[in-house]
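These are the structures, in structure tokens.
There are two complexes below, and they share chain A, which is joined by chain B in the first and by chain C in the second.
On to the complex of A and B.
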């Protein structure tokens, strides 16, 4: 009798420990944000007012929905409905791409206004504004990089579900990809009010 | 192989969580439209924390996984809170 060793709890724990390192990577930036915000309250207020709260809200809705669809794809796989799972993964990827398109236009608009680190207009702003925009680009940029990595993981999951490597008995790869995607959503949940809302 | 029954989240429960998240996003946007400065920062962060809790509990399946995952996440978030707390104590007492 062959007994395949399969430690799903261990695999999931490895993913969680990796997620903790990611939380501290962003956590450090949140800490920098908090300290500078306390020191340069006025500058942060006026700089945050330049961000488009509508685009931020739209991207929040998109990411929350994509987080739900990836969770639903896991439910579908567990119920043995791989076809439905594939559809949910596709919807998740489309939402992720919509997020990136929004981000592209948002950053593009800022660049048109010459609001980027090192520009002449930026250098004439106060310290608080410069720090805010530096953190804005750093944090949303790092977050966008995670969105791209998440899309790659979701695409790999898609093919694994399609060829049956991920199925109703073995779905840890999709679960861990899902965890990564929820992490992207989790970080955005805190980025959104701090960057766009609290002006 | 696996004797233990794996909990499967229902589509409906996931949808309900999503609707809850949408509603809280709406509230935080509306509240910050009225400028209460410090108050709105607090409310926005409180709502974000509730949203984060929902994502961890239901989307990330912590409610139904082995308790060790919940304990680990709790300790990590506690550690982060301590790091923030100590940094601010340092800044305020300088």
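On to the complex of A and C.
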């Protein structure tokens, strides 16, 4: 009596459409960034100098590597090597956590310097700087939220691979989680230069 | 095999796997039941919001304070707007008829993701409840208007955050529904149903869904930015912190103009189903109608600036937005010509669905043409923020989308419930509603041209004649709507049993039983010809 559809092509299509909406969600913020960067070029440059480009680069490398490992886990499942796939998923999750730890220290450092919206030091900065940091917190914050969602999806995939619901015949869940993870990576690829490298 | 045949012929309404009645609804992933869940939720909220509208009209019966003070009035028009826009007309036709009839019209057993579909309804209800909380929580009902313009929405001490969150969540539900429908149309069309053999209601749902998916996230992030402004001191829209309030208006209308098409495209789709059936003639200009839906969806993205002609945006951008606004009117007009040409020379059967559909064309035309008054730069400045805008808006949204919704209900009611309403009473309710509608909204055009501002609870005595007529119209309209609802309820309870095809329609929805079985089709049909192919009596 079940009328569930087992349409992997449809599921993948659904994931792609969802990724479009995510891109438009961030697109709104990128638009705001573009407007204010045009209006306050100087302020953006000087504020970006306060960000630690080394931490940013490190996080970029971490995310790129994690995109590779998640892709490898999919290939491993397709080839029937579930054990290897599980290992790759774990590595991906560890890399994601490393990213978040970096982010935590980065934000923490800013808070120590009292560089957060509404602080006294912040209010003495120029308008361009204030807006830059507003965008910095909002965009990286929203991105971090997506990292967390991605990690949750990967962990579910892990258990699905483990109990065999994801296997070499049926791996769409892992594939879609991987797609989502690439999206997280993709957005960061744009955030990184716009935030850290515009000095 | 035989035993499954037998269970298959139970209608979806009789299919009750759970003992407790309500579980058969709130745990059902059947697209038809989910469609009805939306229908009932929308009906309840519609009555609430219509009542608020009536209160506003009573307040304006005489100048000065009549039944409420200015702050209450601000809350009432905001709540009226939020409920009507975000809870009723945006999900509206797509959620009710899209859910119920999209799979049937393309020959599918359900949507692509039935569980996600039910989940969308839960999110919708969560958003609706949040919207209700915003009205009654301690801070007072939000008073920003449904447009949430900054800086006021960042400063107002009322429950704006609740309302913003509600709109955000409702948007998420809308995105998931759109996603579901796109995949459904791509993947689940019956064998032989190529894109250009697809009926036109699915076409309109297809265009709508893309707008839902691609425009809603923009308003989502915008609402988040306002929430951040209220809670985290992030001032993207606050000039004191370098932000720009006009930027909010841009972002808001980038979504909210296309949102008008989220509302109206499915409405157009519904009447496009009705005209051929009641003219017993193939639709005129099939591909023109199909592609004009897509054209509206595409061009509709680039006209948002026509809401901002008086904000000081540059001359050339105003010129550009005004020009495109005129362009986007063209595909709508193409549809109107095609509907009328469909009726031309057909054997017209003036049943209630057709009456409502013709009422739709009439009111939509008035709304569309007055929209051009607003889209033209010079006249816009004169009528900006007057009741002229309110009248135009209600002619499009209520006269357009609302009347098409009622047309669709009268059209598909026998299929959905397997019962028939009283035709005579339906005609009477249409006439009363139609008269009430025009008496209510037409005077607002006139006093708007004379300078009556919108969103004011008070006015100068010279506008009183218009307001009095309008308030009388509101009462007539409400009476008409209640007669219609009464007719439906009575029809559903003890109406005559409806045959499978009461209107002699030829689309797939009329080839199956009334009400449909759980899986709609015993066997997935194979499509061999274009839709709307009416056979002559002799041939059949």
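A few notes on this one:
The criterion applied here is as follows: the second predicted complex is superposed on the first by the 194 of 199 C-alpha atoms of A that agree within 3 Å, B and C clash if a C-alpha of one lies under 4 Å from a C-alpha of the other, contacts with A are read in each partner's own complex, and residues count from 1 in each chain.
Everything below uses one rule, namely that a residue touches a chain if its C-beta (ideal position, glycine included) is under 8 Å from a C-beta of that chain, and two chains touch if they have at least 3 such contacts.
Here the structure is a predicted model, which is why all the values come from computation and not from measurement.
In the superposition on chain A, no contact is made by A:164 with either chain B or chain C. By the touch criterion stated above, A:182 is placed in contact with chain B alone, chain C being left untouched. Using the contact criterion defined above for the overlaid structures, shared-chain residue A:31 touches chain B and also reaches chain C.
Of the two partner chains placed by superposition, chain B and chain C are both touched by A:20. In the overlay built on the shared chain, the residue A:9 is in contact with chain B and with chain C. Once the two complexes are laid over each other on the shared chain, residue contacts for A:198 go to chain B alone; chain C is not touched.
Shared interface residues of chain A, touching chain B in one complex and chain C in the other, are 3-4, 9, 13, 17, 20, 24, 27, 31, 35.
Put simply, chain A touches chain C in their complex at residues 1, 3-5, 7, 9-11, 13-14, 17-18, 20-22, 24-29, 31-32, 35-36, 39-40, 43, 117-118, 126-128, 130-131, 134-135, 137-138, 142.
Taken together, the chain A residues at the contact with chain B in this complex read 3-4, 6, 8-9, 12-13, 16-17, 20, 23-24, 27, 31, 34-35, 38, 53, 57, 60-61, 64-65, 67-68, 71-72, 74-75, 78-79, 169, 175, 178-179, 182, 185-186, 189-190, 192-194, 197-199.
Residues 1-2, 6, 8-11, 14-15, 17-18, 21-22, 25, 28-29, 32, 35, 40-41, 44-45, 47-48, 51-52, 55-56, 58-61, 65-66, 68-69, 72-73, 76, 80, 83-84, 87-88, 91 of chain B are the ones touching chain A in the complex. Contact residues on chain C toward chain A in their complex (touch as defined above): 7, 109-110, 112-114, 175, 179-180, 182-183, 186-188, 213-218, 220-222, 224-225, 228, 232-236, 241-244, 247, 251, 519.
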